[in-house]
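Next up, some structures in structure tokens.
You will see two complexes here that share subunit A, one where it goes with subunit B and one where it goes with subunit C.
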Partner chain A sequence: MTNSADAAGDHESYDLAVVGAGPAGLAAAASAAEHGVRVALLDGAPQPGGQFYRQPAAELRAERPQALHHHWSAFQHLLARLDAVRERVTLLSDHHVWSVTGGSGAFAVHALTGPDQRQARSLTARQVLFATGAHERQLPFPGWTLPGVVGAGGAQAMLKAGLVLPGRRVLVAGSGPLLLAVAASLTAAGATVPLVAEAAGYLGYARGARVLAANAGKLVEGAQHGATLLRHGVRLRPRTAVVAAHGTDRVEAVTLARLDAAWRPLSGTQWRVPCDAVAVGHGLVPQLELPLEFGCHTRRLPDGSAALVVDAAQRTTVPGVWAAGESTGVGGVQLAITEGELAGLAVAGQNTAPRSLLRRRSRQRAFADLMAARHAPGSGWTQWLDDATEVCRCEEVTARQVRDAVAELGAADQRTVKLLTRAGMGWCQARMCGPAVARLCGAPNADRHDDGAPTRPLSTPVPLGLLAECDTNAPSSEGAPR
Partner chain B sequence: MTRGPLDLVRARPEPPFEFSFDGEQLTALPGQTVAAALWQSGRLAWRRTRVGDRPRGAFCGMGACYDCLVELDGVPNVRACLAPVRPGTRVRTQRGDGHDELR
Partner chain C sequence: MVVIGAGMIGAACADALALRGLQVAVLDRGPVAGGTTGAGEGNLLVSDKGPGPELELAVESLRLWRELADDLGAHALEYEPKGGLVVARDPRAFAELQASARLQRTAGVTAAEVPADALGELEPHLARELAGGVHYPQDAQVQPALAVAALLRRARGTGRVRLLAGTTVTGLAEGRVETDTHGPLHCAAVVNAAGTWGGEVAALAGATLPVLPRRGFILVTEPLPPLVRHKVYAADYVADVASGSADLQSSAVVEGTAAGPVLIGASRERVGFDRSLSVPVLARLAAQAAELFPVLSDVRAMRAYRGFRPYLPDHLPAIGPDPERPWLVQACGHEGAGIGLAPATARLVAQLLDGEKPFMDPAPFGPGRFGKEQS
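Right, the complex of A and B next:
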């Protein structure tokens, strides 16, 4: 695999541009290149692997990075396969793709690169594959903006890449299987985890016994995390949530509460636990800015989030555009790799995919759907907000302001709330507050095939000078305005 | 024995170096981001918000939330969770939108 950090000549052209070098993107690039496709693999991070296989920087010289990972051998295998076809794969690390334009047969992929992401780089490709992954779903609670309250995935990412912890006593809370992995990593790395608060109940999994039996590996993985936690004396409390974080300049304690099945806090069940950090997250949501802007259709997942519609060959609804991994529905690393393999084969024109791969995908997809249904946020979480809770972290918009916009000004969707309150208008472009604001506007409308979130013309902030220079019809290859 | 993240992965990092945070000299390991180096020093906040003047630091840890914006060598609005820290880097708490002095 060629790692081409320097801008090459004008009009670099490829058969396939893969956006995202996580498990799905790596698998797609490998399987396509193995069948003769010339691939550009773009990713914003300095090293391939995505969020899941995030590694310590080379200068930290970690001899055993796998101590913080599961399925490490699968990653090594993907890298080895890519290395074997390196003459056909150009890895473009540290490339933040901000827009894809054009159409089937002639796409232009625009990225920012360089130390402060102010250099433009564009390339053309006959087909595009989105393996853009997911980000964490956050639900606000009083005090969640205090320093020390961090995303569960965020704590994991900082630990995997920078080998640091946010504190010594880190409470883990939210919902979803990621919490167990995060708690296991934190304890292995020396933190004390006083409690893992899971808002959902685990009993619901029993209703999916057949799906579970077909995905025994997932049970083993869960059991391994469970064993690690047991060894460190970490308690897992289902149907429990952090309903408030306390402190002045940083978190010092949290209030926990038992929840009913709809995630409403049960009165009289609150208790306080001291901690110096909280790692919190409520599952993952597909990261879709680029494909949505392109007009790819989405479907609603069992947990209410939107994911790309793909056919059996991983084609999206836009000709020449493919997708694999979490962007088509959050399902974990193994499903992402399976989908990447299938997409790569299909892009290469291999019309008969191995039956074993197809079977594996449907089995893993069934597990993903079960998981999404079990950890779907209950509507009652809004009861733990108080008037002053900031819902939108960027624009500092409170729950009271959002509720007033809905109840008194008649806002019925996220977009109207944004126009009235600025919630979702800030730096993160509603990645953090989007699911919360959508819920505060009322239940999502099942008729729509998107989640009501407005599409974004740019997926990452771009210097204005650079936009002005950008001729989207004939992509220029370089320019470094400031 | 206290085991930390470095022990867990058997890291043998290159020698640490100094950088400054609001004028104070702190130590970082080569390869760490600004956010990681600040966490290592026990600091969790390096921004004051525009409206409420409240402290903020890293939240999503992956460049998506922009909560960790910081002033780096005089340039505001840099994501501390992505930017690598280098010997002599001057890091300063970001106030507001980072352009207050222009007002």
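Right, the complex of A and C next:
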């Protein structure tokens, strides 16, 4: 079967549209197509792989892109499987999906492509699978807007995509298993990492000994990072955070502090470390704007992030809509591939999934839950902020303004704070500040705060001229009259 | 007094009652400005209303908004007296627009005809091929959530107003409001300012108020240098408000904002509380905006938001006591005009509760007008 345009009109039509070509999307597309499903696989990046398997641009002529990757062979295997079913899979790279509309059996996927994303492309599909991944949670601190302060995931992506280092002496900070991988990549690429500051304690892992033992591969991976770091003399400091960055034109040093269990800085424990870059991240939060807009239900994970509710077959709560990978809860590349496999099989109508695959998913999910609980941001992080710290960088809204909206005007959620302060109204549409603002709205004495999950009807900016064309070109969607 | 609803109407009522020395509790099951207010554009319009009780209410309300901007600071409300410009696409629409402007003038509206060749002076980027327009200098703009916050801040400053956000009303009877988190509240009267959900609140007291939701979308562009000076829309908008049709009726209201983005709004559909994104509706808004301002074609829409306008079958709000329960004062159902009509609505409510002679005859807004045929 080929993927020619629908005979009825100028719309391409597929059995399944997979949104996101990271590990979960690739696995889902491959396993569905292997069972006869015609798949459109859409992704905003120029090449498949997602954040995890991000590849250097071709013009850089990297000789060994795999040098910075774990599980590179798994990626090659996925690509080979897709190649074997290429007559049933249409890979649409550089396609930014801005909306999915419609209902069971007839979905319309609207994307932008081409230079500067100024070409429209719509297709229809009988089913949709969201493999939209995750983005990094940022918790602000004084000085975090200085040049040289980059996201930990962003630093990793820079290395993988462009082979560029954010600095020569890069301090790594935040929380979560990603920090060790980032520090290992940075040192392998020639940077000096004076310290890895992990806000959580590592003691809590002991409570999950059984889960850890069942996920030996993860331990080996962690040990490998650990060994790399040891070799380069990098120290890991648990219960420690960057509470301020200093510098005039760019970051020159940071202040570190020891934290208590709730992430409150302990007085008298502050010290300064010189550096020319900081890679900081506080874990990942699922990227949900498209499924949320669709009305898919979510659940709250132990770290306060929202993730899609899926059943054993990776079905969301909306008929015809499936999800796999980080969008159902951050769990890393192996879980993402397992979920993608299962989702693809279920979409293809294979009702009995291999039990080994199901067992692998529950084992990996248990590990993910352990990590989420272990690295959940403590509510004491807000003590790092001073009144002048910008929480929303796009609209330059300070911590003071957010706190006033909460205390004086009774704003109890991110949306109300946004309406009253403009926090989250700017270019990034709260992707950067959303979790921080949501957490600032939480009751001050609560143990746990959550990341919120605002809906965004347009998941990427759309030129009005292109939007206008959808008036006549787009298939009509449910809920719209006429 | 208990005011149910912490949106624009509820905040204005709480402020008006507190300034008269009354003790007020403002309840909302959600946050401040969490319903229709938070999803609105903040239009203060006389231009879209024909002569009649709603226009009379609007003329007084826009005068009160000017006073509020003087008292509270234009900046605190993001009040902008930018004026409206209604344009006609062809000579026939222009003739209708001119006729409607003549009638509006008899009701106290300032409306200046603008011939086609003078439109460019008011709006340099406007499409060339329009037949003409009418300029309404009284039309203005506030940021609704900020306006609610400013009014509640002033009201609470009197020391007579309690704000109970996140509090759901579970029962209503004379002298008594049952709530889920603050127990029963005792009061002399209840103001129902629950907007789109006003019918549900009325039902708690056994009263009937057929408030229905009408969905609307607003598109927001990326920040731009000043490009659109007025609230600009095409003449068919005026016909939409009175339309009883369930089909989509939209004519883009295009305006710039101080922060940079251009807002494109005013789609109206009767689809119940359906929150799903409608691409055809957004597409039509985009097409109409680009038709009025061709330069917008290449500009990107950053986001869209939606809300539910509360409307009553005759498209007039309900303001005044329930005929059988004089302690229950309705103040809801303002459709797309609630921000604009809030101060005058609050003034009427306060005058009725205070036993003062109202500034206009409230009979056309009387909640009793639905009672019989609906029950």
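Just so it is clear, the second predicted complex is superposed on the first by the 450 of 482 C-alpha atoms of A that agree within 3 Å, B and C clash if a C-alpha of one lies under 4 Å from a C-alpha of the other, contacts with A are read in each partner's own complex, and residues count from 1 in each chain.
To be clear about the criterion, contacts are C-beta pairs under 8 Å (C-beta built on N, C-alpha and C of every residue); 3 or more make two chains touch, one makes a residue touch a chain.
Since the structure is predicted, the reported quantities are computational estimates derived from the model, not experimental observations.
**Student:** Given the superposition on subunit A, are subunit B and subunit C in a clash or a fit?
**Tutor:** Superposition check on subunit A shows subunit B and subunit C fit without a clash.
**Student:** Could you say whether A:Leu195 touches subunit B, subunit C, both of them, or neither, answering first, second, both or neither?
**Tutor:** In the superposed model, A:Leu195 contacts neither subunit B nor subunit C.
**Student:** Just checking: does A:Trp427 make contact with subunit B only, subunit C only, both, or neither of them? Give me first, second, both or neither.
**Tutor:** So A:Trp427 meets both subunit B and subunit C here.
**Student:** On the A-aligned overlay, A:Leu41 touches which partner chain: subunit B = first, subunit C = second, or both, or neither?
**Tutor:** In the superposed model, A:Leu41 contacts neither subunit B nor subunit C.
**Student:** Mind working out whether A:Ser99 is in touch with subunit B, subunit C, both or neither, as first, second, both or neither?
**Tutor:** second
**Student:** Rounded to a multiple of 10, tell me what angle the C-alpha centres of subunit B and subunit C make at the one for subunit A, in degrees.
**Tutor:** So the angle at the centre of subunit A is 90 degrees.
**Student:** By the touch definition at the top of the document, which applies to A:Leu345: first (subunit B), second (subunit C), both, or neither?
**Tutor:** neither
**Student:** Given the touch rule stated above, what does A:Leu419 touch, subunit B (first), subunit C (second), both, or neither?
**Tutor:** After superposing on A, A:Leu419 lies in contact with subunit C but is clear of subunit B.
**Student:** Rounded to whole Å, what minimum CA distance do you find between subunit B and subunit C in the overlaid structures?
**Tutor:** When the complexes share the chain A frame, the smallest subunit B-subunit C C-alpha distance is 5 Å.
**Student:** Output the subunit A positions appearing in both contact lists, the one against subunit B and the one against subunit C.
**Tutor:** 395, 427
**Student:** In their shared complex, at which residues does subunit C touch subunit A?
**Tutor:** 31-34, 38, 145-146, 149, 152-153, 163, 165-166, 217, 219, 221-222, 246-248, 259, 264, 269, 271, 274-284, 286-287, 289-290, 296-306
**Student:** Under the touch definition given earlier, write down the residues of subunit B that touch subunit A in their complex.
**Tutor:** 2-14, 29-33, 35-37, 39-40, 44-45, 49-52, 54-67, 69, 75, 78, 81, 83-84
**Student:** Help me check something: in the complex, which residues belonging to subunit A touch subunit C?
**Tutor:** Within the complex, subunit A contacts subunit C at residues 99, 101, 108, 110, 293-295, 395, 405, 408-413, 415-416, 419-420, 422, 425, 427, 429, 456-458, 461-465, 467-471, 474, 476-482.
**Student:** Mind pulling up the subunit A residues that touch subunit B in the complex?
**Tutor:** 44, 51, 56-65, 67-68, 116, 135-136, 145-151, 153-159, 161-167, 188-190, 249-250, 277, 287, 393-396, 426-428, 431-432
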